[in-house]
């Protein structure tokens, strides 16, 4: 009898995943401009969803204010490149670090709130960010600013190359986030997190420092979210407080992705992102009706299938594509 | 004198915020539910008021006679139809379901009324004012504040001097044992939500008379109500009134310094209270 | 024999994967006082919760006055005239002593019990009527819990481990008052760990052991030896 973490499904998935990754890396050569942009957008949403899922599904920190860090990251990109003279790629890393730093005082304040009050508190914080940045005239105040042409050109000379670079950065970000989430959950910290999620009281009595674990998750998520935010606004080339800190774009859609895909699993956000974009591409012309449908679907899923699509699959077939659990394999002769 | 005026106006504004908060506080007290769609329901009530006024030609305050029961019935149906299914130990379902509700309400209002800002006209009430000790007080803000005091006083009285209030407190303490007293908790929760939305109806109509509103205004109203509750302290309705007043005063003082600072000043006051008094200024229970 | 007031027919109950009751058969005639004894975990409280509706069971597993009530909700069962004094008292902390009693009388069924009658029975409660219920001593809280159940003027009253956590002198005084409480016409089921007390006030006794009935008999007739064997399951 032996104990293993992986399974056949996981190994197959890994192989397929590697092949898909190769195809995706090659996308600038086979995909059209619009498709490339769409894929990039998908990757960035996937990253945001995976991060939100880590916080809510694993750490029990439900935030409806992650747009604070998305916008913050975007603004830091602009600030660091325009005023700091940093190359955009470096500025993105800088945005990540600054995002993590600003998250420290934010977390210290917000962690005084619990449960749903914590959630609304994160929203308030996002509003504070939005209102504050709207006061900074150097960055365009209430109407925002555009990324200067010379900074855009410094990424690469031709538009084609720039778009490929932006695409690869988006793909890289998604890979980085998923890998980071996966490795974190496999680590001791991650095990502690899952223990907390399953039974906070028991976890606490085992000596797991709940507060610190959640704090670390919040800070790390904030930093990576800021990084994604920087990438988003690098793509958009223009930033404004309302766009940067939009609840709809950076929180509502992300939440729907995670809920529909399956909260508390790594596979869930991936499925959710695909479903979300499939819906968007087919339904978006309907405007507000599309959002109402999204809201209804999220409510129905939460009430009837709270573990999402992946949860339904997993309950039926008991598979994990990202090996996180442990399995006991009996010997042949048992 | 200007500063005194700002403080007075802020206090009266606090009455409106207390009305936003009272419904939120009630629901949290009875069933530990935080309704993220609360602000959007306030806006919905405002639109409802607008529609009733347009259809009947009545004065908006009279329209309350229709809006309050309709919102109350909506609350009961919502609770029994959807929200009761989310209650339990897990905090995600009620949060995410009410969030979904928020999106639905906002977009349904957008569909029905377009994004144009609207206002409920109340004739003379909108601008009427009277002089007290050299200050000019608007009738509407004073009325709103009086309504807030009356509503909170009424809720307090209900909670502590009626059978329904006993039922609310009992169910909030121990759902299971409350059932042994013959209390159907699904019905009791429905009544609590009906009451909450009745208060929301009053808040919404008064809001609609006071300022212009549009489908996306819900988020800010939720935040103001929430901030008033947290500043005042959980589980204390009078504390919520105090919280609303503090928030209102912070906002008007901030606006005096710089009009663009109004909202930010309120948020900062909230954050300061959160930092030094995380349980609020007059807490009765810990959240 | 007249139809029993309450009968349990093959009552089973589970908590997830754990089965607590394995087909319990019991009956109670009108006006009878039944004692149910058994060790911790034998299923006594599960049985009380099943009868009072806090746990749902198959409808015909609990028959009351000829009606199948096993699947009814607790608030519906309460409306039929069955009241439970729950294990551990479980008063409402937000309510005062008086309010706890008042809420017990919500259903406003007719009968001898009223606020005044409860205060006559337990005068100390009248003195402390406005006090938050959880500020009382254990014995006083038990009085409130009993009073709260009486206020519903039930036909059948269920006592779940009322002696738990109380000093012997308090237990004695409560059990001394019990025959007067149950009085005329009321039927009662008393779940107890204190065997002597349980036998002293009851007509018949059942013993539960690991979710099954291991003994049934008239309280005054069962012997110590029979009880030991049934209680612990040893020969």
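Here the chain labels run A, B and C in written order, and each chain numbers its own residues starting at 1.
We take it that a residue touches a chain if its C-beta (ideal position, glycine included) is under 8 Å from a C-beta of that chain, and two chains touch if they have at least 3 such contacts.
This one's a predicted model, so the numbers in the text were calculated from it and none came from an experiment.
When chain centres are set by their Cα atoms, the one at the greatest distance from chain A is C.
Ranked by the number of C-beta pairs in contact, the top chain pair here is A-B.
Chain B has the Cα centre that lies closest to the mean of all protein Cα atoms in view. In terms of their C-alpha centroids, the spacing between chain A and chain B amounts to 33 Å. With each centre defined as the average position of its C-alpha atoms, the distance from chain A to chain C rounds to 54 Å. Computed centre separation for the pair chain B/chain C is 44 angstrom, with centres defined by C-alpha atoms.
In the complex of the two chains, the chain A residues touching chain B come out as 56, 60, 62, 64, 109, 112-117, 119-121, 123-124, 127-128, 131-132, 134-135, 247-248, 252, 255-256, 259, 263, 288-289, 291-292, 294-296, 298-299, 302-303, 306.
By the touch criterion given at the top, residues 33-34, 36, 82, 85-86, 90-97, 99-104, 106-108, 110-111, 219-220, 222-223, 226-227, 230, 260, 263-264, 267-268, 270-271, 274-275, 278, 287 of chain B touch chain A in their complex. Within the complex, the chain B residues that touch chain C are 163, 166-167, 169-170, 172-174, 176-185.
Residue ranges on chain C touching chain B, taken from their complex, read 52-54, 73-75, 78-79, 83-84, 86, 90, 92-95, 99, 102-104, 106-107, 148, 152.
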